[in-house]
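What follows is a pair of complexes built around subunit A, which joins subunit B in one and subunit C in the other.
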Partner chain A sequence: MSAPASSSVLAALSPRDTAISGARAQLAEIDESCRGPVLLFFLSGMTWLLFGSVLALIASYKLHAPDFLGDFAWLTFGRVRTAHLNAVIYGFSAEISVGVILWLMCRLCRVPLMAQPVITVAALLWNVGLTIGIVGILAGDTTGVEYLELPKYCTPILFLAFTLIAVWTIVIFRFRREKHLYVSQWYILAAVLWFPWLYSTAQLLLIMDPARGAVQAAVNWWFAHNVLGLWFTPVGLASIYYFLPKVIGRPIHSYYLSVLGFWTLALFYNWNGFHHLVGGPFPAWMITISIVASVMMVIPVIATAINHHFTMVGHFGKLKHSPTLRFIVFGAIAYTASSLQGVLSSVRWFSETAHFTHHTVAHAHWGMYAFFTMTMFGAMYYILPRITRREWPSEGLISLHFWTTVIGILLYVVPLSWGGWLQGKAMLDPKIPFLEVVKVTLPYLKIRTVSGLLLTLGHVAFFANITWMLVRTFGPYREPEPMILAGVGTETAPIGK
Partner chain B sequence: MGVITFILIGSSVALPAVALWALWWADREGQFRHADKAALLPFDDQEPVGRMTDVVLNRPSVPVASLKP
Partner chain C sequence: MNYGPLLFLGILFTLAASWLGLVVMPVKQLGSLQPDLNTNTSVVFPKPVPGEAAQGREHYRSLGCNYCHTQQVRREGFGSDIERGWGKRGSVARDYIYDRPVFLGSSRTGPDLTNIGERQPSYEWHYSHLYNPRTTSKGSVMPPYAFLFELRPIGPDGPSTDAVKLGGEFTPKSGYEVLPKPEAKQLVEYLRSLKSSVELPEAPLPKSE
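The block that comes next holds the complex of A and B.
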């Protein structure tokens, strides 16, 4: 016989001993339970995205007009660029990820989100910690370690907040009403375990008690590469594997391939970071293992690409109707492209030219924006109407958001990749003075600023649409229940204009 | 440094151990069998296979269910 729910914390966390048991929850019940916490993560994440976009524009403009805002210490390039990176990584990307993770986990486990205040406290803690950190960076207080620039007095707050989130994700899983795991759950569970491990290890070895010499660079690249590949990539792939079949109404092409993709990513990705250190003062075997593991990443990438493509075959016409599908499909294509570009970049002959150039910056944006951010936009287009029970107010703003971000990121990545390659070639030529090398990059840096303007315009359009939707939901005038949402899943839904 | 070394070595042993345990658990629970059933997990009676669930743009004047390839 099971113990009463109040006998201990562990007992309270046991699915057998609580009131949340028995039948699977209805979708509307799950969506309703997620509303507060997920909205909090989405809204704060979007606020960080807008703030980060402004910082990015300033930083980008300074690259070809160095005197711009040069009299303000808070807005010097080193601070603005660093604040941008941390705002979009730990603000936008991480917070949207958590919102998507919670919703996906509840949906796939068929349970409502329980004890929402715990998640709300985690969200508030995360935002407080990050705000302190970003203000610290703008005030000139950074650690100087890439991707870990937030001052060390704010990281315990972030770590505590994420621990709460990770524990609660596992608690949701523990209460699941579905015995079988979907591949998205594998990715999510791994991601919430990997990130605290990466973050705490890097903090210990680089900030709390720093390793000496070249080891710092090794740990730094191990963290920086893995935070993309073992935290954001799994969240992005979990979303694609859920939303792609869900939107088009067709199961994934091969479930076995999807599981193969997960386990091979888990096996190979962790070794990849050192390929950024080609030519550095490290043992050759260390770099070689990293290159081999990077090339082995072809297995999960191709497995995933085949799966996504064959799931979509015959359904491309649905892109016309679904913003979620548009963003998700773009993200899936970008995942394949950026991953294969990453494999190429790891090879010695290529890396010797491309590293230390804008090519690496373009590659990072290819992965973090074209793949991850676009996928998260797609997920938000699906989740927000369901948790608010309101339709998207403006089709025009959706289209504006999609096309500005698609054109913007292509305009960012393609020219900057080429400009970075030319920069690398010029830097390897001892006859070319460094100032001439800088001049080579100028046209590409100007294009980058234009692309930044387009991306920011898209972010503003998206934020305006979300605000409009929320005003309808919570404002004094409440629109009637949405026709499309009410009709989703019914044979006779009247969905004409 | 002693405590940190202990934590780092411990975590680098613990994490692969968790991964191996997850593999063993998944095999024992039959997670790698019945792939056809697992692929259907995003769907249910409310949103079954065969129905598009996100029609926002260029809304057609036909039922959702008829939006098939």
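The block that comes next holds the complex of A and C.
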């Protein structure tokens, strides 16, 4: 395979055109090439998000009204909760990640997406595999292994789809025209190389030919924590590193902090998993090594936080204008907060209380939603107008999306973290009967349902805005209008040095 | 950091390290544990879950019971598991050697079930509780599993001996009785099989027993 002809766009320009207009034309060509595949991943990802939100609402409501829809095995809590998790992790989060990865990689390598049908096939395989898997979970075919519940008759399809995506990302990288490697590219390459390894090891030792006894739990949490740490976190950070400087129009604060943050994350994060097993039936070294690594995570987290903060300093005013920046900055702050909370949760004295409670559930949503999902929303606000060459149709829907999700996730995480802590404290006191412990959690579980409604409303608003935008795209051609939230539209030369 | 190969090697070696440490090492250390034969009592422990209970274990997995119930007792002095009566000793790796998958669990929305077979040996309690947890535990948020039971007219020979005893608002309409389907029977066999009060060399029972 050969790289696409590199001079087509520039050659077509008039000699009077400047280097800037050449660069812009090249970016436009790259965006155009990404349009079909990235849109496909974004739209199917958003569909999974809406479906996952409905499942989440059912599951959340059931936890304080257990007889709701109680007559259907398909909708029993254990299955709906699991279908929700898999729909939002392997449907929404993974598919949006792939869309963002492809677009970022093409942009940063300065090559158009080649042989788009390969990616289209990967997207179709992924969706077909996942649909089979989610139906399987609702029908009772779950594997029973957390974060790996998809039945084994669908996971090879997902693995194949992911391999295509990983290979394609590396192919794009191989044919890059930009010599400089930006920090986002490091994270993306790491993510696409780490995930197949994690997934294949976990499938082999847990599903295909299960290891003996407690070893399964070890492999399970090595995988489950690393899916967050070595797949979603790198994609989220790659997005923050790209969009933050891009939108405010200045380079990232410190190259060296980026390097420090990347390598310390690579070194420490993948040893974290066993802090989920604190107090469990394992030799002490296994737990301790993960607690130590979890505490070491302070280094990459603080390095990244400082780097992002000092990039942003003096530009907070721009939050008013750019939806991308709002979501991304919220995501970046949430990353720091959730990681530091994670460090705390891993320590034995904290874990003694918080482990096995809703505190952990709140923490998972703090990471996967407040950090990752919000960051992905920000990325989509930037990418979609560029690949469709249309402006967002409704500023009102953007505001609705932003405020419902911000308030919704805060209303989810803050009360439930506290409620989980109270639950843990009550559980530690053997004089308090178990049903009294349940009673302690009820108000917080009800607040969670309210927050779920808010989040779902936000998702619907976002989906409506995207649909509206696309309907306009496929209609008669209209000149692109200026960005409604001024200040987002300036394309400049590549960021960083 | 513009040198691609260095980046690739770094990415691969960092994960290889934790793969060795957190996957290969546990496999080596815990992956070939054998059951223990107690020379004083001639008891072999643990044993594979017997037939009907093994089928029940599949329902436990399929219905997602493990999302609200753990099956691991934390050691004395760490948490209040033993004081709550969830087990007489802390769980150890050897307890799980026959489990596929392992149901350690990660959440205690409901109580731990490591030793539920000893704590709650009554069939009557289990059937009633599964049919609707509010029959035995007021205020419980556990889902009802009435779909594992069937409501059918009482036959000419009078009520079946298997009929679930239900009172109050749960009483079946007159002339009908509630019977457990095979799935419910298997699930209850599984729950009743969960017993952990057997000594292992690395996990002795408290002396007073």
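Here, the second predicted complex is superposed on the first by the 449 of 497 C-alpha atoms of A that agree within 3 Å, B and C clash if a C-alpha of one lies under 4 Å from a C-alpha of the other, contacts with A are read in each partner's own complex, and residues count from 1 in each chain.
Quick note on the criterion: contacts are C-beta pairs under 8 Å (C-beta built on N, C-alpha and C of every residue); 3 or more make two chains touch, one makes a residue touch a chain.
Predicted model only: the values in this text are computed from it and were never measured.
Superposition of the two structures on subunit A shows subunit C clashing with subunit B. When the shared chain is aligned, subunit B comes close enough to touch A:Glu395, but subunit C does not. Using the contact criterion defined above for the overlaid structures, shared-chain residue A:Gly317 touches subunit B, although it does not reach subunit C. Of the two partner chains placed around the shared chain by superposition, subunit B is the only one that A:Ile248 touches, whereas subunit C remains out of contact.
When both complexes are overlaid on chain A, the residue A:Val259 reaches subunit B and subunit C alike.
Of the two partner chains, subunit C is the only one touched by A:Thr82; subunit B is not.
By the touch criterion defined above, A:Glu32 reaches neither subunit B nor subunit C. Looking at the superposed arrangement, the partner reaching more residues of subunit A, out of subunit B and subunit C, is C. Clashing C-alpha atoms between subunit C and subunit B turn up only in stretch 9-17, chosen from 9-17, 153-161 or 171-179, once the structures are aligned on chain A. Residues 179-181, 193, 197, 201, 205, 259, 263, 266 of subunit A lie at the contact with subunit B in one complex and at the contact with subunit C in the other. Residues 24, 26-27, 107-108, 110, 178-183, 193, 197, 200-201, 204-205, 208-209, 242, 245-252, 254-256, 259, 263, 266, 314-315, 317-318, 320-325, 381-382, 385, 391-392, 395, 398-399, 484, 487-497 of subunit A are the ones touching subunit B in the complex. By the touch criterion stated above, subunit B contacts subunit A in their complex at residues 1, 4, 7-8, 11, 15, 18-19, 23, 26, 29, 31-32, 34-44, 46-65, 67, 69. Those residues of subunit C whose C-beta lies close enough to touch subunit A in the complex are 1-2, 4, 7-8, 10-12, 14-15, 17-19, 21-23, 25-27, 29-33, 61-68, 70, 72, 74-75, 78-80, 83-84, 90-111, 132-134, 137-147.
Taken together, the subunit A residues at the contact with subunit C in this complex read 62-64, 66-67, 70-73, 76-79, 81-82, 140-146, 173, 179-181, 186, 189-190, 193-194, 197-198, 201, 205-206, 210-220, 222, 226, 230, 259, 263, 266-267, 270-271, 273-274, 276-277, 279-283, 286, 289-290, 348, 352, 356-358, 360-361, 427-430, 434-435, 438-439, 441-442, 445.
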